[in-house]
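Which chain is which? They are A, B, C and D, in the order written, and residues in each are numbered from 1.
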């Protein structure tokens, strides 16, 4: 780390900082500049204490990190792309992955019809929420275990693999009995206890980026999964919170390229949450593929206008067929098969 | 709700929307405007389905809510200020509350010395983290149960009440045995399962605002606690995430006035997290009191430069004494006692 | 507009609002809801006064707009794509446009070498700043008129058209003598006097989106150009300011699709400013094309490490050749020629 | 500056960076760390070129600044508070300043009545916009020169000093004939040519913070005024753009304390723009004073519901009297006279 001292720090004050750097286990290397002194603290920032606490001293202006904070998630530690095996479906390899299905599981009819439709159009993984994190306690909270049962039945009927969200540490075990991928939602992206619990299952985990999570923090959240022994991690960009009000969130497609550059983990894009509007979904899917995404997670519903949650961002069966057709030229452009 | 149709929507398209509004349980009232038609949907928005799903129809431009989404947290439902009884210490009444202590519980010496110092300066509630949500898995995660034991001993020694954070649903029960206030951190502000679990304990809960949580969403999160039967809720503003980099977060003091206006719940301000810099803490405390805060949650450490977490934002014992002295004129200005 | 009254507004208070709505020139249409009354105010929102002022009345909770605020920029007013004639080079039609060149004009050698290189790679328009808006007054402010002279000479040598930024109303006239496109930078996106002055020249104008400008506001800024009689307007997405720190700005590629949907104006993407890092430029260009952009504005420099401004985001001559090659498959995918 | 090299940079690559650092005029001082090498570049960052361009080299991971970028605006360069003489009214000294008046000058009656009312309540400076920067070209743009004439007449009638906004470089000279303070609005905060033009007049200038301007950038914008020879600069916090939608902007009161700490310039707070809602204005004024503001800029109108611009944030004459009374205890708390 680099400790920047205020202009005019006295020799005694500089010595005090040097002494603290030693106490905290780093080797200090002072550099006397034209206007200010800086002290380079040599040592592994990931195994020693963070020196930012030194800004508590009045003569310290700021502390700058040098090293990256994530290890196992980094491209340096694992140069090749990780390919995750989702019950036989590879994610992150040359084949592109379509995950699709309703926001919430509402009924057998709704789920099975959607599963058939998305399978016919080219999806290999079925999404559907049985536990729903809703902003208001008065909104539909999901069918729970009955929803999981319907998801299992949909898998039996279609062969599609299942991705479904888990909200509670206590649900991880039984959700993992149904799910082929455990989905961690944006609001739980830094719910570290939930991450640790999911890591224990060894099931593939799709980790959504938090609403205002920096990319570094997102990779550090994935590091919780990896460091607790689960290498089967997929990242999912689903829009960040900005000042813009035209869309519900601002899908950060640059984050796809950055995550692929910094990390070896597969990156999935959720355009439905990303914009919150059905009319932009296809365009965002084209952009996501061009930016290097490994797959898409798309909300599809038989009659979006009557959906029990987030109807405004769900597309119809026809819409999903159109989407898969529309993205083909971009899959060709990136040399990927569907 | 108000459904805005696109310019040029045909009579058949208007009728389709009117029919959907009826299906979803509202009474439609169309208004033909100069440029566009709008349909007012009459009905209780809190007990009916959200009509935003209608924007899935191509002729619908947007859907505007009319009603507020929170009920139990609202000033309308409870015009008087709520005063929470924290094991005999009232929060939210005429008496102003100082909560202070270290970011993390590190050792008996550190905790007990801090407890004595903050008590001597005027605090009535001791803060201290036993479970720490850290951005990186390689950072200090808290002393856990040993930390809770030390907090209990500090209470016995000083009589201070205890506020400590709970991260995991599975910890709620045993943390509640120690804590007089369960603290929900910013990253868990919309961890609804954790909120529901905390509600069950009937213990006072301090609910921090999420990093990018709108005030409406924060009040809806508090509504989860209230609707699950726990009226002992305090709100805590602790800084929001913005583009500014001078401070770690941007403390949103206007949120204090807004929360007091919209809600009857006590509002506490955390200036330490709010700015992430010890040198701004006193100024922010003065501002918080002027804006109507009911209390402060301040990080205090014997030697901040050597703290195991967030040293840069912790103040010394002398600093806390200075703080309590500095805010007195503002307590006088708002007619509150310390 | 829709005026939402507070729950419990009295009949006299409702009448007061109805009377104000009439005074302000709208026809009021009250709707009595279950919990609240709303008053629809019928009239053209673009030719009447904004009713948001009514929230100054205590019984008014909020005022919701119905109509879009932009007219000439809207797709409704001009369903076909606008194609701008830049001294013979069409922008916004089937042909895709590459604009490239240095951030700042530094010298004859630097500019002419860059012009030759970008022309050889496929660019038809040369960028180069003669007047630079710099955050600090101590940074290089551009070569001014000498820079313009060099740009004219580069045009004579290569036949490339010229895009260059104008900062000052007083410079508009003489910059327009050199420029084929007047560039309005992000910091001046709502400098309406500068926009009006540029409109007068009838020259094509490229209007960058402001750092925290909503898409509606960006289109309204373009409306200043259009309403002052200049139809030759191009929009340019160049990144918005968010909480993310990995990149200098967050390029909002969804804004490309939205601007194309809402408006008929060509949309150009500036990936260099958009991320502030040379290593992401190619990926962002691919994404921009997939999202429907009509052209790119790319910073290219002979030796970026020694550039007088923003070297970190400029690519080399080889880099630009690689970029043009890398995007070909995406141009094919969108059926555009280069 | 500190140049951080990527892990694994070769000796030749390190030498290349060292050579570039010398070319760019700094003295390099390499430090070999455990995981990475960093090179401290010794030299005055304000008089040399920015080394961030070195990140164009593949072996450079990042470049960290050490020095502050503003000089004349800094507390270090001028430890005492600057007190600005506004035609005899001191701003920034022990006396607190109330600036008040309508958003826009609408008529003689409106302006003179407001001037009398705010003077009677304690204001010494009258605000009123003659030139209005409006998001849409179809909104009221101000009375222009007739508005200035009315402001002069209001000054003659009441003795109040005048603050009014200037939008155009071409208007600076004639606006300065009327104004005692030239106001630079948030949208023009980085319109550097306008700042330079205002600097030339030697008139006091009130510089509003831009919608998404970092505090460092705001101080650098003030540095444009100072470096061009005008020391009569006041800063004005007026709310930043965030994700929050309850208010129009988020008033950043922490910025008041930071600006007072970093700089010697007076800091004024505009609560009306800051929240965009009349009902929060008084609370924000109390907070602003507690945080160390030197004055307030408040919008006051005879009948806000009928105001030609921003009625929702303007308060009545009675409201302003109440405001001045309400803030007295806080002025007492900060030892300031009104």
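Quick note on the criterion: a contact is a pair of C-beta atoms (placed from the backbone, for glycine too) under 8 Å apart; a residue touches a chain by one contact, two chains touch by 3 or more.
All figures in this text were calculated on a predicted structure; none of them were measured in a lab.
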In contact with subunit A and subunit C alike are the chains B, D
From the C-alpha centres, identify the chain that is farthest from subunit C. B
Pair joined by more contacting C-beta pairs (B-C or C-D): C-D
For subunit B versus subunit D, what separation do you get between their C-alpha means, in angstrom? 30
Hey, how far is the Cα centre of subunit B from the one of subunit C, in Å? 38
Would you kindly tell me how far, in whole Å, the mean C-alpha position of subunit D lies from that of subunit C? 25
Subunit A residues counted as touching two or more neighbouring chains: 212, 241-243, 245
Of subunit D, residues touching subunit C in the complex: 20, 23-24, 46-47, 49-50, 52-57, 63, 69-71, 133-140, 167-170, 187-188, 190-194, 210-212, 217, 220, 223-224, 227-228, 241, 277-278, 304-308, 310-312, 314
In the complex with subunit B, residue positions of subunit D that touch it: 212, 214-216, 240, 242-247, 250-255, 257-258, 261, 274-275, 279-280, 283-284, 286-287, 289-292, 329-330, 332-334
Report the residues of subunit C in contact with subunit B in the complex, numbered from low to high. 2, 4, 7, 29, 31-36, 38, 40, 42-45, 64, 66-67, 76, 212, 241-243, 245
